[in-house]
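Please go over the structures that come below.
Heads up, the next two complexes both have subunit A, just with different partners, subunit B and then subunit C.
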Partner chain A sequence: MSASQNLLAVEIKEAKRNFGNVTALAGVSLEIRAGEFFSLLGPSGCGKTTLLRIIAGLDALNGGTLKIGGVAAAEIPAHQRPVNTVFQSYALFPHLTVGDNIAFGLRMKKIAPAQIKERVAQAMSLVKISDLAARFPGEISGGQKQRVALARALINEPQVLLLDEPLGALDLKLRKELQVELLQLQRRLGTTFICVTHDQEEALVMSHRVAVMNAGRIEQLDSPKNLYEHPRTRFVAQFLGSCNLIAGNVTAINADALVVATPFGVLGAGRRNSSRPLTMGGAVTFAVRPEKLTLLAARLADQPNVIPVRVEDVIYNGAETQYRLRCGDHTLSAVVLNASHTNGGFKPGEEIFAHLAAEALVLLDD
Partner chain B sequence: MKPPGKLLRGTALLLYFFLYAPIIVVVIFSFNAARYGVGWTGFTTKWYAALADNPLALTAAKNTLVLAATSTLIATALGTMLGYGLKRFYFPGQKFFQSVLHIPVFIPDIVMAIALLMFYELAHHWLGWFELGLTTMILAHVTFQIPFVAIIIQARLAGLDPALEEAARDLGANEWQTFRRITLPLIFPGILAGAMLAFTLSLDDFVVSFFTSGPGSQTLPILIYSSVKRGLTPDINALATLMILASLAATLALTLLQRKKAVHK
Partner chain C sequence: MTKPQKNSAAGWRPLLISGPAVLWLTVFFFLPLATIVGISFFSRSDYGEITRPLTFENYQRLVGFGFLGFDLLYPGILLRSLALGAGTAALCLLAALPLAFFIARLGRCKNIALTLVVIPFWTNLLIRTYAWQIILSPESPVTRALHWLDVGAAGEALYPGWLALSLGMVCDYLPFMVLPLYASVEKIDWSLAEAAMDLGAGRFQVFRHAVWPQILPGALAGIILVLLPATGQFVIPDLLGGAKTAMLGNAVQQQFTQNRDWPFGSAISVVALALVLFGLWLYRRKNGGKEIELA
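This part shows the complex of A and B:
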């Protein structure tokens, strides 16, 4: 694992792509390690699919370079690249059986028929569809189609498998099952997977690393945990899960802490994870995850970062309760695990206190 | 679905009556023993037997089939390539070619016929080519068939998920293999429908054939026209009935072929 991680499966430098006046990629640089499950995450129109199609050879760069497995690939036509794609619509050939669909790549390579038969059988058992060989794509379910598309791509033993919203067309339950299966498959095969998705949970669950894209650029590239815990921009903070944004002005800067005047009162915060130059009186923004807020019925004496709030809305969710809290003209959202409630929760209209621990305040770059 | 109201039902019946009554009359009168007039004097099949002994009718039938089959074959091949090329490739003037593709469909037959005739006359005068006959008729038919085939192919291509061709390329197929293995089988019903339409258009074309035919290349529509000038006769009815039968058989065959295809979807 460690040896293969030093190799780069895909190397992209300053990738640019325009469609007329629309910029799909505004200079994206990216290194994807061999054997990693990498996700491109972002809203529609952020350029993630364009980037995937450029790696596949189905779209071309207007500028920048692309290497696959260390080899310059921008000029290699799609059918000669060592990558295969699982398409969003699956794109199974409707006039061919499942077996012939899966065999297609090997037939194009003129592999001996006996060997094709054996490898098709292997690929089908890998994705658990061994009994579907004679069916046509029109006769199988969405989940089965997804597996056929996966087998059809993997049978070619690509250096990189590209997945375009692989689970987007499936219902929630099936999606969750296949997420785990896809993840296990990738860990077992060790093939580099590059997955495009707009579903943040999918990206967090399956990936080693995630690049969050917005407007043709990479906003942040990090492990799922770092992306969630230490978002660097407002966009990342709000795209992954829900987030409170608190703006304020710096009133004191210490070696490892700063004090900020906010509409919620004066708050102390750590300086960790901030590349932003700080100035006295300068504007800053913090991200606070709703579950990092602690709700208190009464204020302890002299406890810092505690603000008085009024409960506006209470939404019971089963495992947890969501609170909307008001403080003057501003609102905060908080999520509390119901198992951790000692008194059965708070009621709308109650005047309580919210504790925003210094570690929970993540200083953003923008 | 609720059943249609009385007014709608009446309108529909009237419509079908106007569509099919004349055809039914032709079929019925092809079995009428009377040589002249519209009186029914008894059932007979002798007009069909008479057709078999009529060398003019047989030659015309042969010409019609040769013309329709040859022009359909050429027009289907060219029309398919044209439709595919205009849809899948980008080149200077593409938009222009795409928009002029439809013009032959709208041009009145008579204008097309005279234009072709003039072209053939001029070409014959200057180059010595294009003496009027079956060859000029085939070329003329191909000319008006191509846009119909191309338009049907384009409609079929438009309904095709572009990801299918991309998937083929992604799986290692070059451009020709992608066309041969994926695109062609998938647009085949469209090609068949285009060929069928082209065949039918050729089969019953009168105006263009009339202007571009030469001595000895008379087709059934031309024969019928010149016979009718001498008065309506039952053997013409028999001939017409056979043509209706041929069209029906072709349509039925096409429907069956498409149904067989549809099972796979």
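This part shows the complex of A and C:
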């Protein structure tokens, strides 16, 4: 990166953490830019929460370095770090009112009571819970608790806000609402948000950049669009959305294209700048998103990358229709948007054709 | 279709099950209690019988306004007993806090540790108290070790005295504090401590704001369970504290036996009971109307 270090909110190098024999972090390096909405995405046990707790100071590194705002932070105790956390279960103090919960951080800093009162009122209006000040956490709903936890953390004006599965405990509709709100809040405040989630949609919707983690490592760090359109590994391809994986062997390598023999026939694909060296006859794997398949009733002459398939299953989903297609011993899934009558409308047992455009075939590294 | 027989069963079954207990409590608890309260407003005849007139004199005597003018004897007994109870409760709380945290972190050995805490109960109180006399006698190794540390005068027993009294009382009542406290400590939600830390609280503030509120119910339950019986305790102060003056417990006993003054004995009992109820009322108020929680 060209800019100086103060543009980095968090800098982690070779972070390692073991719990007994279990490796939670196997050497993670990460740079999170100031003002960024950054997500750590992965299945449970991938080390994302451990990483968040290390940034918060609630867990310690076994190896590697951590900088927050350009300052070495590994030795700074949690209560002196310029970060605040929204905990997974919110961890609101049950014996304090909502107002006192939000004021807690400022009280610890011995801020003048008049100022505390004013800032609590501001924080509460920021997250739209101004009328809840006198209630106790046991008396409010899950969504409201989430807002209280957010206000309690944000009132301290942290350099970095850490969110541990912030919407995990809420029902789907509320979650979608709050996703948008959280995103707007972050864009408005400009605070660096680091969010841990196992929900891929949440990560895609809210983040500027996402690090997909697996087994204590970062599999891929990219913008949501790149992650989805150009996954580098099978894990990323399958963890984000659904994906067809097509294995094959290289039969020709051109300057900008690749010809591969697959169980579905010979397919031409674009040559992405893969980190993997390509050799003639070498095994490769492509990822193809189901919605990138085009289903055709008849084959056009000379059209490449078209394979004959039989419709096995049709699942109508309202906005879209999912097809399971069979070609020999292999299956493919396809999704067709129910936008018109021209596309789709196929029935189980029908023999049709699927077009896999060259640009839809994403070459994977593994 | 609902099952009608089940509904009718639900009607009489609870009554049948709780009936004997209710009957038992009515006959052997509420009626005697009401009798005691009643008797406390009667007078004593010259021969020790309960007679009229109805009077508040017993209560007046208890707070110091007897027929001989103002006398501190009974208020003194009351205050001394309360001080003994409060002191014991405070010492037990201090001793039980680290113990409860220690046991809660033991993992598999928890139950063994809890059993060890309760085991002293298997020995009679008197025997345990006499055992302290032996441990604190002039020639015991413990006494010698303490003398070497400049505690007490060389060649003399460490009882009677404040040290012996505190040791005896704390040892006797510690389990009543440890068990409810442990029940609270074990349930502590440590994410609250982490939240407090995250919001800028140092070690002491984390304990005060995030941990202590969570163990307060257990501490209050323990305080009540220790304070009340310790206030009525008179055997240990007698044997280890050298108290020749009476405590609440033997004051009541004395009135009902030697002095044959049932109305005054009843009044003392009623006041003691009122103190207990006051304590419970305070607890309920402080604890949001919840009952005492035990393990």
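Methods note: the second predicted complex is superposed on the first by the 355 of 366 C-alpha atoms of A that agree within 3 Å, B and C clash if a C-alpha of one lies under 4 Å from a C-alpha of the other, contacts with A are read in each partner's own complex, and residues count from 1 in each chain.
Simple rule for what comes next: a residue touches a chain if its C-beta (ideal position, glycine included) is under 8 Å from a C-beta of that chain, and two chains touch if they have at least 3 such contacts.
Just so it is clear, the structure is predicted and the values come from calculations on it, not from any experiment.
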Subunit C versus subunit B on the shared subunit A, clash or fit after superposition: clash
Subunit B versus subunit C as contact partner of A:A74, first or second or both or neither: neither
First, second, both or neither for A:M108, with subunit B first and subunit C second: both
Subunit B versus subunit C as contact partner of A:A91, first or second or both or neither: both
First, second, both or neither for A:A169, with subunit B first and subunit C second: neither
Which of subunit B and subunit C A:A56 touches, first, second, both or neither: both
On subunit A, positions contacted by subunit B and by subunit C: 56-58, 77-80, 83-85, 87, 89, 91-95, 104-105, 108-109, 152-153, 156
Contact set on subunit B toward subunit A in their complex: 161, 163-164, 166-174, 177, 181-182, 185-186, 264-265
In the complex with subunit A, residue positions of subunit C that touch it: 189, 191-192, 194-202, 205-206, 209-210, 213
List of subunit A residues in touch with subunit C within their complex: 56-58, 77-80, 83-85, 87, 89, 91-95, 104-105, 108-109, 152-153, 156
Sites on subunit A touched by subunit B in the complex: 56-58, 77-80, 83-85, 87-89, 91-95, 104-105, 108-109, 136, 138, 152-153, 156
